[in-house]
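My questions all concern the structure below.
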Amino acid sequence: MQWKVYLSGEIHTDWRKKIADCVQQEGLDIVLSSAVTDHQTSDDCGDRILGAENNLFWKDHKAAKINSIRIKTLIQKADLVVVRFGDQYRQWNAAFDAGYAVALGKPIITLHDETLTHALKEVNAAAMASVRTPEQVVAILKYSITSVC
Amino acid sequence: MQWKVYLSGEIHTDWRKKIADCVQQEGLDIVLSSAVTDHQTSDDCGDRILGAENNLFWKDHKAAKINSIRIKTLIQKADLVVVRFGDQYRQWNAAFDAGYAVALGKPIITLHDETLTHALKEVNAAAMASVRTPEQVVAILKYSITSVC
Amino acid sequence: MQWKVYLSGEIHTDWRKKIADCVQQEGLDIVLSSAVTDHQTSDDCGDRILGAENNLFWKDHKAAKINSIRIKTLIQKADLVVVRFGDQYRQWNAAFDAGYAVALGKPIITLHDETLTHALKEVNAAAMASVRTPEQVVAILKYSITSVC
Amino acid sequence: MQWKVYLSGEIHTDWRKKIADCVQQEGLDIVLSSAVTDHQTSDDCGDRILGAENNLFWKDHKAAKINSIRIKTLIQKADLVVVRFGDQYRQWNAAFDAGYAVALGKPIITLHDETLTHALKEVNAAAMASVRTPEQVVAILKYSITSVC
Amino acid sequence: MQWKVYLSGEIHTDWRKKIADCVQQEGLDIVLSSAVTDHQTSDDCGDRILGAENNLFWKDHKAAKINSIRIKTLIQKADLVVVRFGDQYRQWNAAFDAGYAVALGKPIITLHDETLTHALKEVNAAAMASVRTPEQVVAILKYSITSVC
Amino acid sequence: MQWKVYLSGEIHTDWRKKIADCVQQEGLDIVLSSAVTDHQTSDDCGDRILGAENNLFWKDHKAAKINSIRIKTLIQKADLVVVRFGDQYRQWNAAFDAGYAVALGKPIITLHDETLTHALKEVNAAAMASVRTPEQVVAILKYSITSVC
Amino acid sequence: MQWKVYLSGEIHTDWRKKIADCVQQEGLDIVLSSAVTDHQTSDDCGDRILGAENNLFWKDHKAAKINSIRIKTLIQKADLVVVRFGDQYRQWNAAFDAGYAVALGKPIITLHDETLTHALKEVNAAAMASVRTPEQVVAILKYSITSVC
Amino acid sequence: MQWKVYLSGEIHTDWRKKIADCVQQEGLDIVLSSAVTDHQTSDDCGDRILGAENNLFWKDHKAAKINSIRIKTLIQKADLVVVRFGDQYRQWNAAFDAGYAVALGKPIITLHDETLTHALKEVNAAAMASVRTPEQVVAILKYSITSVC
């Protein structure tokens, strides 16, 4: 069985690549997906496709609604959602994705440093695991698919 | 018809009280609810009821799971969820509640300063309104219930 | 058992009042509801509550999203939805409500003149009855509740 | 991942063909579908398959119910629904499809001229994007699938 | 807790009255409901409310769709459905109600003579009990509500 | 797109074979399925696999529960359900399947002689078409898949 | 808001009474419910109402199906399910109720001695809290309803 | 059509292998799946992947939550769940899986010795069959897929 895993959250470090590399090395039958991770493109997609907005609220709104097509569709198709929280930025979209996934009955794994444990306690209460490294994410995926750990 | 409204997010300012006062002044048939808003009690409920934990992760985990009983039950019963984001703290639980409510098909209203607009664009994309003051929240509730604005 | 009936569509004739009067005369235990039926208020609610928009698209968008809080909440709570189509205006919102209600598993009744039969054939295919007068709507409600016709 | 996109609405212009051509040029992995778009066949399918009706209401009813098998099945399987509104005809079936898709949790995109913005405000309030040209529809699909725009 | 019980099937014997009398004697907090049980009214409701049909298929169709408003609404609200099969008539509507209720997750009880056991084996496979008398129906209801038997 | 069609009801005539032949002649991409249609095997499967029962009620019960594994699984996977009612036998299982399918949101087509129209009015009220011949079933399937009729 | 709490599991100790007494002392607005807790009545209800069975499997089956009407109905209506595991008996019905409640999205609390922790790890993984005493159950309910602990 | 069958319960006998062998001999198109069946690995997966816990409750909790990713995902994808209860151990996880599967609408088959019939009566009340041998499980699967028994 192929597993579909959605990677939500932080876009300024290479955690997605580390997971992808590790999945490949382990030879796991997993399809990874995520939101558009190019910051500028993600912010400007509304203006580029539908025309520029003067009002910044609506510029953001237009872009975010378009982005939600990809995000919600992929989360709905995913078997599992990994949510990465980093030190910087507020990343409310990551927490929003987590709540959205949980309400759909999807298992989630959070990936974050120990310093964020207290701030993430409500999200972790709904997670099946809270890990510190991308390698641990893949270890759980490998175990879930192959029974080996 | 009585409306049930859940108030999620920031616990360090008096926005909940302002909404409650305003609802009362307008004589609206609304039942407001929210998570436990006493910070210390919310953090310590697990230790107090089930016994102290040495490990901080599990202390938080135990408390957050107990808190989730109230939170999820009330969100599921709510007709509408208001989510407040303030300047301080990370408030990932508020964004988590927002995602959870949206996936359940509940309309949400966000309440935040204009400075947070860009950071909240994904949450606002799923909201029915994004407002700046508690009075605006009540104006929308009043309009939704009484047709007057 | 009390029935909840949502009245969707045309706002420029007095069909809602006729139904309400007839329900009262028959002494039926029905709670009627509908969207905000004051045209100006419905169009301007976004500007009035959240502040004026220069861009007409966003003015409409803001208002329509606020109106959707009331509309979707009431349709979800309704046991039955009556959808009225008149000769004037495009009334796409009425047809949208009809599709929304049908997908939620709510029975719908359409109320329209015979001249609109062909244009409404897809909506009528999903309706439990297609009637010509408000009195017929109430006759069906009365029959459904009291077994008398 | 292959995306399934249902094209609802206007059948008298070539917007479906433009989208199909554009999808092919971009090499996107999309399966497009739609209702039967031959007007006469769509109107007469009931009579042709089940026998002629004298009463026009029932002729329409029989045809519309048969057409609904294809329409509802394809919308239920779709990842996204595009709804086209033109200047002519009432197109209540397009708005009905939009409401039906939204209640099923499908993202919708509306395609219409700027002159229809006010009349479509309720439908647009539930849409992820409102566009003016078939090329814009495909730009959103391309972006949602490939992250490029 | 009040229980809602829908009584489906045979309309030519007094089994509904026996159940109602027995419920009253036992003082159980049960609301009983059923379809319109006057045969002529049930058959003619479409013609009476919407106008006469020449074609018998459409006369039946119109009536049956109107009747379905009451039937489906009451089954959806019921906690339990009792389905009565008699010796006469085909009673496909009773079996249809049974399948409809089971798919909604409602427990069903069948009430029929032993001679019908083989013909009803598929319906009984989905029933929580198959009984021979109205008194047994009430005995199960009493036991389910009061724990006494 | 491949369509999955479940054929429910009468097992003593060759209507299933006629549909299968006609589907093949038309070259339609349809997978047909049905319950076990060998009467004796269907009745005895419980005794054969689990051991003989003295009590006829339980013999039937055991068999019918085993048969329901196949029936419910296939109906749940089907895009459309055809329900055949013949002159003989009570065929309550066919009507039960119809109600079950309708509650799951599956479109159904009934196949029966005109003499059964009145007895089947409730089932037909929930059907997308009521036809007289297997060829008409396939004509609707062909039209739904290929747009040709 | 009134909370509905279902108490599942062990019937040979007085844990239900302790919870009920404690709820009353605290003045909490909670409706407690449970399966029929008289062992003999629960085992014999099928025979008493429907007639005696020789075969013990079917005697149990008949009784268990009747009991399931009460159990499933009350769990479905509950806001929260408490599941008690004792030292004696296998109590598979308690674990079954737990799995059933979790799949319906109900929060569960387990009540058991520390010696059972390892054997219950899968059930506890899905529970919002695992407690040792009836008083702790009520402490969580009190906290969830009144915010006090 | 390929069937997906999840095998839950006892891990200390070779019943899974017997089913797998028998499925292969019969040439059935079935994909079998189950939880991780190596006892030590299943117990220690949390410690191995996320680091050792001193507290045994949390060690179990961490492991059980990780195991639940595989278990719930596979049950959700399964067409049918077989639940094996043996003489030893409490196997509450098997009964939990059974309740979970039933609430999701999955058919279940129980596999256990006759001595356990009374203890399993509530689980069997929700099962489509209760069998004594792995060969009987496969006989039901074969019959459900091929109509032969």
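To keep things simple, chains are lettered A, B, C, D, E, F, G and H as they appear, and every chain counts its residues starting from 1.
Rule of thumb we're sticking to: a contact is a pair of C-beta atoms (placed from the backbone, for glycine too) under 8 Å apart; a residue touches a chain by one contact, two chains touch by 3 or more.
Note that the coordinates shown come from a computational prediction; the quantities given were computed from them, not determined experimentally.
Visitor: What shortest step count links chain D and chain H in the network of chain contacts?
Guide: Minimal hop count between chain D and chain H: 2.
Visitor: Between copies chain E and chain G, are the contact residues mostly the same numbers or mostly different, with half as the line?
Guide: different
Visitor: For the chain pairs B-C and F-G, which is connected through the larger number of C-beta pairs in contact?
Guide: Spelling it out, more C-beta pairs touch across B-C than across the other pair.
Visitor: Identify which chain pair among A-C, E-G or F-G reproduces the interface of C-E, meaning that over half of its contact pairs, matched by residue number, are the same.
Guide: Equivalent contacts to C-E are found in E-G.
Visitor: Can you work out the whole-Å distance between the CA centroids of chain A and chain B?
Guide: Going by mean C-alpha positions, chain A sits 23 Å from chain B.
Visitor: Provide the C-alpha centroid distance between chain B and chain F, rounded to the nearest whole angstrom.
Guide: Taking the mean C-alpha position of each chain, the two centres sit 50 Å apart.
Visitor: Distance from the CA centroid of chain B to that of chain H, rounded to the nearest Å?
Guide: That pair's centroid distance is 40 Å.
Visitor: Quick one: report the Å distance separating chain F from chain H, using the average Cα coordinate of each chain.
Guide: Going by mean C-alpha positions, chain F sits 31 Å from chain H.
Visitor: Which chain D residues sit where two or more other chains touch them?
Guide: 65, 68, 105
Visitor: Flag every residue of chain E that touches chain G in the complex, lowest number first.
Guide: 1, 3, 79-80, 105, 107, 128-129, 131, 136, 139-140, 143-145, 147-149
Visitor: For the complex, give me every residue of chain D touching chain C.
Guide: 56-57, 60-61, 63-65, 67-68, 71, 85, 89-104, 116-126, 130
Visitor: For the complex, which residues does chain B have touching chain G?
Guide: 31, 33, 36-38, 41, 45, 48-50, 62, 65-66, 68-70, 72-74, 76-77
Visitor: Using the touch rule from the top, collect the residues of chain A that touch chain C in their complex.
Guide: Contacts found on chain A: 53-55, 58.
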